[in-house]
Amino acid sequence: MSLDKNGIAKRIAQELIDGWYVNLGIGIPTLVANHIPKGINVEFQSENGILGMGPFPFDGEEDADLINAGKQTITALPGAVYFDSSTSFSMIRGQHVQLTVLGAMEVSENGDIANWKIPGKMVKGMGGAMDLVASADNIIVAMMHTNKAGESKLLEQCSLPLTGVNCVKKVVTNLAVMEILPEGGFKLIERAPGVSVEQIIKATRGKLIVDAEVPEMVL
Amino acid sequence: MSLDKNGIAKRIAQELIDGWYVNLGIGIPTLVANHIPKGINVEFQSENGILGMGPFPFDGEEDADLINAGKQTITALPGAVYFDSSTSFSMIRGQHVQLTVLGAMEVSENGDIANWKIPGKMVKGMGGAMDLVASADNIIVAMMHTNKAGESKLLEQCSLPLTGVNCVKKVVTNLAVMEILPEGGFKLIERAPGVSVEQIIKATRGKLIVDAEVPEMVL
Amino acid sequence: MINKEVKSALEACQGIKSGMTLMLGGFGLCGIPENCISALVEMKVNDLTCISNNAGVDDFGLGLLLKQRQIKKMISSYVGENDEFERQMLSGELEVDLIPQGSLAERCRAGGAGIPAFFTPAGYGTEVGEGKEVREFNGKPHILEQALLADFAIVKAWKGDTAGNLIYKGTARNFNPPMAMAGKITIAEVEELVQPGELDPNHVHTPGIFVQRIFKGQKFEKRIEQRTVITKDH
Amino acid sequence: MINKEVKSALEACQGIKSGMTLMLGGFGLCGIPENCISALVEMKVNDLTCISNNAGVDDFGLGLLLKQRQIKKMISSYVGENDEFERQMLSGELEVDLIPQGSLAERCRAGGAGIPAFFTPAGYGTEVGEGKEVREFNGKPHILEQALLADFAIVKAWKGDTAGNLIYKGTARNFNPPMAMAGKITIAEVEELVQPGELDPNHVHTPGIFVQRIFKGQKFEKRIEQRTVITKDH
């Protein structure tokens, strides 16, 4: 049985290391904040200018001057801090943010990512995604393994305009956890509960590297 | 009768324009702050991180955390603001500071300035001088016309290592006010009270351009 | 202190002419200079190049200028939250230059800081990097990005004094400080305007040297784009 | 919040080894990390490369490290306020790299901000520009300067919280914020250490993300280098 969005987020949350600063993109990545393992302290950065982002406010307590990069009203935890956009991307570009989790339309076996533009469709812009993927040491892509047409989003080469090259280190989908090897290729690390290696092979178009034993995720 | 240091400062103060931000170097330039013409509002920037610098503190009220770029204890005027060194030089490099007044060992007829290093002597460093002279639109040099050995400090070419090239716009000395022309040359604008054009010619080694009539300064 | 107070948005915007390049602070609808945008609508200047992270919504923020076709070109990182924008862009009436958000912020700061160009890894290998100089540092390719400057930068702050010193609130700070540095003339609209000495000099975000005109905004709607809340029952 | 509190300067300086590159905040003797400097004296690490705007005086600040010959190289904009420095420099024991003050500040900030290099007009046509790439922007020559990074950056702030957020006082801010950004490990010593939530999130100068270790300094002498005062009689 493949994972739902919350399952993907929960699996990614297992990657968090105590003391990390983390930037979560819009969509599935945002859900990661709901699954922080016990005993782990991390701080969430939102690139519009806050560190120490808290949950959504109570109804009636929302503040127009306090939003996240998705333009949603948020709260600030004790110890939070606000800063300008130039300082915010200094944190990102300077690799002070240890982990970036973001969604993607396509990921290639050499770590390229495409997630901002579909030729012929209305282009909204890359926002902070190009800075994030070009900078972070740790980039985890959170996405469904295939698109709505059932085609693999894990490819030999991206067909869409790129957001960044050679940058994704790990991909967590509804079917599997894969590491992208420095020499290229998706190395299968874990299967979603009840998902077979065959199912994953079938859903992956890029080079998939499969060891004899592929453990099932423990969520 | 040539000017003393306070006279030079007083003459330079006449160059101030209402609304200007001004950086004053150590030595004679510092004295300019004592002679601001009535009705003129200017703010002094010190590159270690203050805008709106006030006079020295009263005895006993000095604060180790409040100094100027000459490391002297100072005060802050109402409306002052503190900032870091990177922001400070953003103001300078970005030409937000309208006037820089600084001393020099030598100035050349094409606007080069040397004021930081004498080969063979202990070198203390350029501090902020190279940033200041490379950036400001308006640079006035305040200095004595000749050195202690009686030699002119206004030269065809500087003999000492340069602080900046092609940057000085005006020189005010104990003898004269001179503009440096874009095509090169010290154009004599004013004489110090009681100083003759001949005295100035004699004390100047670089190209001096003298019109028929050279007015005396009005201090 | 140098007094920079003007009495209204219209007075603050004096000198803004058709064809000029403007920077406008804000992220989404948060921290945008609402009062000056209204003044620009009233002034009917057009052919504007607007540097702003976003382009507002149909009936608020820069959307108001789009509706009147006052904008020739947008330089932004993320746009298209409004239909009129989409229509003008697809029909070719509106030129759009999309820039990675961090590069946009840093290019504004660089403009204000007298840094004409800098290297960044963002956009290398993508269409953003096309035609730009590439150089490797520490084994990683970077592209050379140029500074941005504007004829007028228009920012919104929480508190300000008449010397132009500004303090922002929460995440309404965003692009306002780097853009405040990069205007040939910078206009600040504030919710509260005080006398010099009333702001703590340690807590000023934008030093007054970067600001040429300041006024107390007549009205701040501060619209919320995505109201996300949790109910207390939970 | 992530807790970064350590109990002493010695604990904060753990891991600093001979041969490393350190950044130390401060301008003259103002805003220098006194307690960590004492710890380095005690630790007797040597062959250090110290990036600091100045080099202290004979018996205070970096002068204390110079006296014990712990510094191999100084990277500064203005030095020589102490005799021992002059002696070591003239005898060739001490290597000195002089950098324009603005370039020094910006090179530190750039290091912390992931900008590997930038163009500046400062130093063009002087010996500072020798061997550096020159390029014209807007008709004005600029030189390419590289970012600076340090194994440890050591800064001094007024107030801090255990999450590493820092607030500086007056002109003691100076080089501390850009250097705090540029340390692989950044140590902050503060006069007052509080719990997260006690500092106003709008007023923090250095966000905690840049700081890995923080402690309350045991003692701050805060020596004044040039006491200039006016007497009340005047």
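Note that the chains are named A, B, C and D in the order they appear, and that numbering of residues resets to 1 at the start of each chain.
In the analysis below, a residue touches a chain if its C-beta (ideal position, glycine included) is under 8 Å from a C-beta of that chain, and two chains touch if they have at least 3 such contacts.
Here the structure is a predicted model, which means the values were calculated and not measured.
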| item | value |
| --- | --- |
| Target subunit B, source subunit A, minimum contact steps | 2 |
| Distance between the centres, which are taken as Cα means, of subunit D and subunit C, whole angstrom | 32 |
| Centroid distance [mean C-alpha coordinates] between subunit D and subunit A, Å | 36 |
| Whole-Å separation of chain centres (CA-atom averages), subunit A against subunit C | 28 |
| Numbers and ranges of subunit D residues touching at least 2 other chains | 106, 109, 113-115, 120-121, 168-170, 201-202 |
| Subunit B residues counted as touching two or more neighbouring chains | 76, 82-83, 89, 92-93, 135 |
| Which pairs of chains touch, using the document's own definition | A-C, A-D, B-C, B-D, C-D |
| Subunit A residues touching subunit D - in the complex, by the definition given at the top | 18-19, 21, 41-43, 45, 51-52, 76-83, 87, 89-97, 135 |
| Of all residues in subunit C, those that touch subunit A in their complex | 27-31, 53, 76-80, 86, 89-90, 96, 98, 100-106, 108-109, 120-128, 158, 168-178, 205, 222-232 |
| Touching residues (chain side subunit D, partner subunit A) in the complex | 1-3, 109, 111-115, 161-163, 165, 181, 195-197, 199, 201-202, 204, 207-210 |
| Subunit A residues within the subunit C interface of the complex | 46-50, 55-74, 76, 82-86, 88-89, 92-93, 112, 122-131, 134-135, 161-166 |
| Interface residues, subunit D side, partner subunit C - complex | 106, 110, 113-121, 135, 137-138, 142, 167-170, 201-203 |
